[in-house]
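Take a look at this one; I'll ask things after.
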Amino acid sequence: MTTSNPVLSVVGVSKSFGDNEVLSDVSFQVGKGETVCVLGPSGSGKSTLLRCINWLERPDVGQIHLNGEPVGVTSGGVVMNDRRLSRIRTRIGMVFQHFALWPHLTVLQNLMEAPVQVQKRPKAEIRDEALALLAKVGLSDKRDAFPARLSGGQKQRVGIARALAMRPDLLLFDEPTSALDPELVGEVLVVMRDLAREGMTMVIVTHEMTFARDAATRVLFLDRGRVVETGPPDRFFARPETERARQFLQRYAGEGASSERTR
Amino acid sequence: MIRDFGIVWTERGLLLNGLANTAILSLVSVVGALLLGFVLTPALMSKKPAVSRAARAFVDGMRCIPFLLFAYIVYYGFPSIGINLDNWGAGLLALTIYNAAYMAEILRGAWVALPRDEIEAGVAFGFSELRLFRRIILPPLVLSAGPVIGNQLIQIIKDSAFLTIIALPELTHAASSIQSRYYVPFAAFITAVALYWGLCLIVEAGVNVLRQLADARR
Amino acid sequence: MSAGDIAAFAQGAVVTVTLSFVGILIGLPIGLSLALIRWSNVPVAAWVVALYVSVLRATPLVTLLLLLFFALPNIGVPIDPYSAAILALVMNTSAFNCEIWRAALMNFPKDQYEAAQSVGMRAGQRFRRIVFPQILRTSLPALVNEMSLLIKVTPVLAVVGVVDITRAAVRIGAETYEPLPPFLVAVAIYAPIVFGLVSLQRWIERRQVAAEAAA
């Protein structure tokens, strides 16, 4: 699916680690307000693809554009220096599987750190916005706590708030609930669902099939580094077009159903 | 400069003699310190407060004073209380006693870190105390403490250089005398540094072998 | 002991503490810079640093000191005893500090660093705000230990004529023909300083363990 002004454009991205080709000629676009869920078996390259978008991994080949602006390599073919890359990264937010909160800062400081250091907006404005974000994810009372004292679900909600604090154009989620105890998954998915509903542009790598079916505007199915199938979630889950997708869904159908029961 | 190194080369006998003395000093001292450590460590962990406190005072005391000062005390100070030692005797004694304190701490740390189950299994199987020590306790103790003891050996090699001050003919002293005789300070001391580095690399290689042995048995 | 002797010891103590302090102060940031060069794998420089650290950690301080004091004038760089002493101390301690900082850097959790990258913090900001505060905390016990080791090698500076505590003790002993008492006084001066540092190190370690347990 191509849109006229995609927020994210990924064209022909390939990446190998040594002899292992992890991504092979991956292309897709994400329009404004879309929620794209990237699904696939382990080792299919989902996380690597996500990390290539903000150049935490360097693609070997391919082009990535954020709102028309190149990411990682300039239009002249020159690899960007750290300064330029950092500037683009301010517009892409990322939520990590293991939260990656900064332990020496309080929750509020975690949220305020990047906007203060990087964006140089007035501190009072940043603080107000940070407090509002904490309220939004339901953690106002934890603002002066240190991350070590939070549960996994709370940490991840802080992680989401921290990414939002930079007012990004695009939010990337790298298996945001995979490291959580089952009872804590729900509170994070609620926040993500709300974000999707509010029109945030999101790319989410996840194993949560029910979430993907409910919240995604489009599903990207990756297998062994290639985009095997893509389309709206109802079609993907009900009538998968490829054999690979069918096998994958069969394996996960049981898990998706049982996790639905416990929620 | 090349000429300077040429001079050092002609005096290589002196340097190699110094290197040999450094090696001998260090080896005798590390063995002596380890043996003393084996006596001190049980004293440190003894249930009798008089023993453990005395051992603790000794270990802490040794670790709070500079080695060179202790060497001076043994060489210059002991004669006034009747113990007369030449520079070799004083050097060896100082090096050994000083490092025994460090060895005691190292061995104590290794002992505390030993997994208890293996020892309990040995007791359950009826090993006598001596046999238990030799076959069940000692090997993993030595293997796990190996790298740290290796580091201490490197420290001993470096401490031995201090003994140049009491005119012990070790490596630094040899380099010094070559330097003062022929006015080739750079060549002489750089060569000494290279030789110390070589000694250190040999010890580290030995430690690596020990580490591989330890890993293989895990 | 006469008043003159006490003054000599006091002067020696000042020299010991001052030289140690300067050595530590300069050696810490240099050690950190060396560790950063190795950690960020700057081509050529990282290799040079690795070599420098390996050689310096194997070189006895007395040999290094003699090398600097005698060889530098020989190749045209004049140097006085105190500068040679500080240079030797700094070279020595920076090599050991480098390894301490490097261990902390290598153990630094990668995803915290990536989080800083992902919000667009630049390299300098990432290091200053996220990495440094934490590696300082983890390295502190080892760094304090290194400080106590530095004080324990300062007597060697006497070989180039620096008059520190040990040299003062030796001189007084030679003058009075009673070598032991001044040595014991010297012990009485060194021991509390070193013991203080060791206690500080243990206190820091205990506090860190407690902080971790409370979390």
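So that you can tell them apart, the chains are marked A, B and C in the order they are listed, and the count of residues begins at 1 in each.
Rule of thumb we're sticking to: a residue touches a chain if its C-beta (ideal position, glycine included) is under 8 Å from a C-beta of that chain, and two chains touch if they have at least 3 such contacts.
Please read these numbers as outputs of a predicted model, since none were measured by experiment.
Taken as a contact graph, with one node per protein chain and an edge wherever two chains touch, the assembly forms an open path, each chain linked only to its neighbours along a line.
Chain closest to the overall centre, judged by the mean of its C-alpha atoms against the mean of all protein C-alpha atoms: C.
Of all chains, A has its CA centroid at the greatest distance from the CA centroid of chain B. Distance between chain centres (mean CA atoms), chain B to chain C: 21 Å. Chain centres here are Cα means. That of chain A falls 46 Å from that of chain C. If you average the Cα atoms of chain A and of chain B, the two centres end up 56 Å apart. Annotation for chain C: no residues touch 2 or more other chains.
Those residues of chain B that touch chain C in the complex are listed here as 60-61, 63-69, 72-73, 76-77, 79-81, 154, 157-162, 164-165, 171-172, 175-176, 179, 183, 185-186, 189-190, 192-193, 196-197, 199-201.
Residues 54-55, 57-64, 66-67, 70-71, 74-75, 151-156, 158-159, 166, 169-170, 173, 178-180, 183, 186-187, 190-191, 194-195, 198 of chain C are the ones that touch chain B when the two sit in their complex.
Across the complex, chain A is touched by residues 109, 111-112, 114-123, 125, 129-130, 133-134, 137, 215 of chain C. Of all residues in chain A, those touching chain C in their complex are 54, 56, 82-83, 86-94, 96, 98, 100-104, 113-114, 117-118, 146, 148-149, 162-163, 166, 172.
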